[in-house]
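Read from first to last, the chains carry the letters A, B and C; within each, the first residue is number 1.
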Amino acid sequence: MVIKEKGIEKILLLVALSSIAVLGLITLFIFEEGLPLIWKFGLRAFILGERWVPSQGSFGIFPMILSSFWVTLGALSFGIPLGLACTVFLSELIPSSAAVLLRPAIHLLAAIPSVIYGFWGLVVIVPLVRNYLGGPGLSILSGSLILGFMILPTIISISEDSLRALPPYYKQGALALGATHWQTIWRVLIPAARSGIVASIILGMGRAIGETMAMIMILGNAVKMPTSFLDSARTLTTNIGIEMAYASGDHRQALFATGAVLFVIIMILNSLAIFLSRRRTG
Amino acid sequence: MRARGSRYLTQAIAKVLIWIAALSTIGVMVIILFQVLREGLPVLSHHFFLDSPKDMGRAGGILPMIIGTFALTAVAILFAAPLGIGTAIFLREYTAESRISHMIRFGTDCLSGVPSIIFGLFGFVFFVIYLNLGWSILSGGLTLAAMILPTIISTAEEAIKSIPKSYREVSYSLGGTKWQTVTRAILPSALPGIFTGIILSVGRSIGETAAVILTAGSTLLMPTSLFSPVRTLSVHFYILAREGISMEMAYGTGAALILLVLFINTIAHVLINRYIRHRV
Amino acid sequence: MSLANKLSIKDFSFFYGSSQALRDITLDIQPNEIFAIFGPSQSGKTTFLKNLNRLIDLAPGVRHTGNIFLDGSDIYDPKVNLTHLRRRIGMVFDLPTPLPMSIFDNVAYGPRLSGVGKNRLSEIVEKALRSSVLWEEVRDRLHDLALRLSGGQQQRLCIARVLALEPEVLLLDEPCSGLDPISTASIEETLRQLKKDYTIILVPHNIQEASRVADRAGFFLNGELIEEGPAFQIFTHPRDKRTEDYVTGKFG
């Protein structure tokens, strides 16, 4: 009986190591495929190179890095204000009975596949941008709009959790001192929930940077340095997603190298978010 | 007096803006769902669900895609559920806060942040090439398993954590071993919560595209074994939309996809509510 | 060391990490007696009980010095099988803690763990429920959820659950706290019946309960055993001033 118990404990330990194992395997294989090319081509040339022409052996991903940056920035510009507004709306402006109904609706929306958002963006937003603002419509602006919406559920649910976790005396105390409801929200509650809100934004940022399919459908996939929000563009993710189907040899390795760069960026962001949320919960 | 007035003015403006923002957000979300469903529901029919696609997907139905989606999800759950639940049991019952548990939690958190395209690359080079499984249901399912593992671990952990300490004390005081306590006193009560986490993971797997397209392929043919390549609903939808093959079929597939995801998530929420009521 | 002692505690000290919870306890428990351990809260009474069946092992960072002997054998001997020990020394907690299953399954939980065959279970369950004076009230609804029982019934269920394993010693930590007077009375009566077959160590909810039920008693204060002796003597003419102050209500 004791031997059986010891055996079970060992098995469970192995099982528990599976998530670390998977993470390790991912790191190993992505870098194993991608690093040789970075070595061959040169790290600076790879990251700062402005030409991506696989047929000629040019593998500069700077346009993609910039595009990822701008699309993400755009998405955050839409997502943060809207997300905060909805968060405040949910936790402070509507009765909790209504909030109880809305919250699962938000989770439901988070579950909608990204390809649906991409499709709708393609069919509705892209023509709108094309007709009213010019350019091909398939653009960074369109991408930012849709991506902003896609990260809303992430920002809203985590920020709202932070707000709701605040001790009630924060709000009661402020109101008792004569602050208006809005002043309480803006000057007391939101600052108090700051680290949770920031963590939600960082997670939203990670989600935005990693989004692929919807962006392929909306961004237009032009491989050039982005100069305006109405330009078509390719991000790090869409680059991989589009070309992986037919890439081989060096080209394929370059895509893995792109993946490695993306992986590093996301890991840094993630660690930041984990660090912030651990600090919050102690 | 004037200062007082302006505070209330600020508040009124802020609240109005927030109401507008929130309602437009909700509005847009509703419009998105509404539009896809409105265009797509008419396309849903017996034939749509039971036929195979014809003419590159311009006609016919989506049966292979439905089967492919279910098969991939089933494989994913088959692998991820035992691993995830086992991890949760280990973290909650077999260790205290220690280096190992911190490492495992860190690994799980990191894994949950990895974008799906990276999983796709990994699945491709590891399952399809290195393990020589080829583009197949197995490759796709295993890749999905890796993606949903963190979710299952955290929901299972929450479920186990919420079991009252007294159940454990009682079981141990009656001479139970650790494993007996886990299987007889803890897991039965934690099962609804664990199950909910699994269902949520199912919902997520169904919508997953990037990782699947790189590991399960994109053939239109009906799969014949675990080693057959297959196209899932979301991949089919993506290809139809992007290649502009058939708007009608795209809307139909999209509607099917949305309905499936909504259905599964609703079940999950119903379970969560029942589970919470059961606890109290 | 008298072989007639059921439990023998010698110079036992206990630590949660660096804080000392029990100091040099030395005490003998006779077989088939009801021994009450009383004193103000946070005196180490529950800690002491949990050491007797080594349930305290579940807490992190604990250590002890000294010995506890059950029928002459050291319970902290590395060769001791914890499961067997806990079947010989059963425990009932202060709050009724039915497991989320039927009445029958609750009582059968312990026997099932130790591998008792299915055909013997009904007989064991009935016997245990009779001994805890619950049988007549639940015989027709054995498969109802235990949570549906009243507080007093749940507590008697917890006693039955322990009795189903046919232990030798019963540890009861404030078993009647939170129960109405009628349930309390019926549990106290049950304890008097059980004394014939079991050795009982009881942390009473108040002194009145101890004086009604116990044969001998011990006064715990700040982790120390101040004095012990026959119940009648310790409650009416305690030897130590601190015991007297507590018993007469000067503090508590």
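In the analysis below, a residue touches a chain if its C-beta (ideal position, glycine included) is under 8 Å from a C-beta of that chain, and two chains touch if they have at least 3 such contacts.
Treat the numbers as computed from the prediction; the structure is a model and nothing was measured.
Student: Counting contact pairs per chain pair, which pair wins?
Tutor: By number of C-beta pairs in contact, the leading chain pair is A-B.
Student: Which chain's centre, taken as the mean of its Cα atoms, is farthest from the centre of chain A?
Tutor: Looking at centroid distances, C is the chain farthest away.
Student: Which chain is the middle one, judged by CA centres?
Tutor: B
Student: Hey, how far is the Cα centre of chain A from the one of chain C, in Å?
Tutor: Taking the average C-alpha coordinate of chain A and of chain C, the gap between them is 56 Å.
Student: Take the average of all CA coordinates in chain A, do the same for chain B, and state the distance between these two points in whole angstrom.
Tutor: Chain centroid spacing, chain A to chain B, equals 17 Å.
Student: Between chain B and chain C, what distance separates the C-alpha centroids? Give it in angstrom.
Tutor: 48
Student: Any chance you could list the residues of chain C touching two or more other chains?
Tutor: Touching at least two other chains: 83.
Student: For chain B, which residues are shared contacts with two or more other chains?
Tutor: Within chain B, residues 177 contact more than one other chain.
Student: Hey, what residues on chain A touch two or more of the other chains?
Tutor: 1
Student: Could you pull out which chain B residues touch chain C in their complex?
Tutor: 96, 166-177, 180, 184-185, 188-189
Student: Note which residues of chain A are touching chain B in the complex, please.
Tutor: Going by the criterion above, the answer is residues 1, 4-5, 8-9, 11-13, 15-20, 22-23, 25-26, 29-30, 33, 81-82, 85-86, 88-90, 93, 102, 104-105, 107-109, 111-120, 122-124, 149, 152, 180-183, 186, 203, 206-207, 209-213, 216-217, 237, 240-241, 244, 255-256, 259, 262-263, 266-267, 269-271, 273-274.
Student: What residues of chain B sit close enough to touch chain A in their complex?
Tutor: The contact residues of chain B facing chain A are 7-8, 10-11, 14-15, 17-19, 21-22, 25-26, 28-29, 32-33, 35-36, 82-83, 86-87, 89-91, 94, 100, 103-104, 106-111, 113-122, 124-126, 130, 146, 149-150, 153, 177-179, 200, 203-204, 206-210, 213-214, 234, 237-238, 241-242, 250, 254, 257-258, 261-262, 265-266, 269.
Student: Under the stated contact criterion, what part of chain C meets chain B in this complex?
Tutor: 53, 55, 58, 60, 82-84, 86-87, 90-91, 93, 95, 97, 99-101, 109-110, 112-114, 158, 161-162, 165
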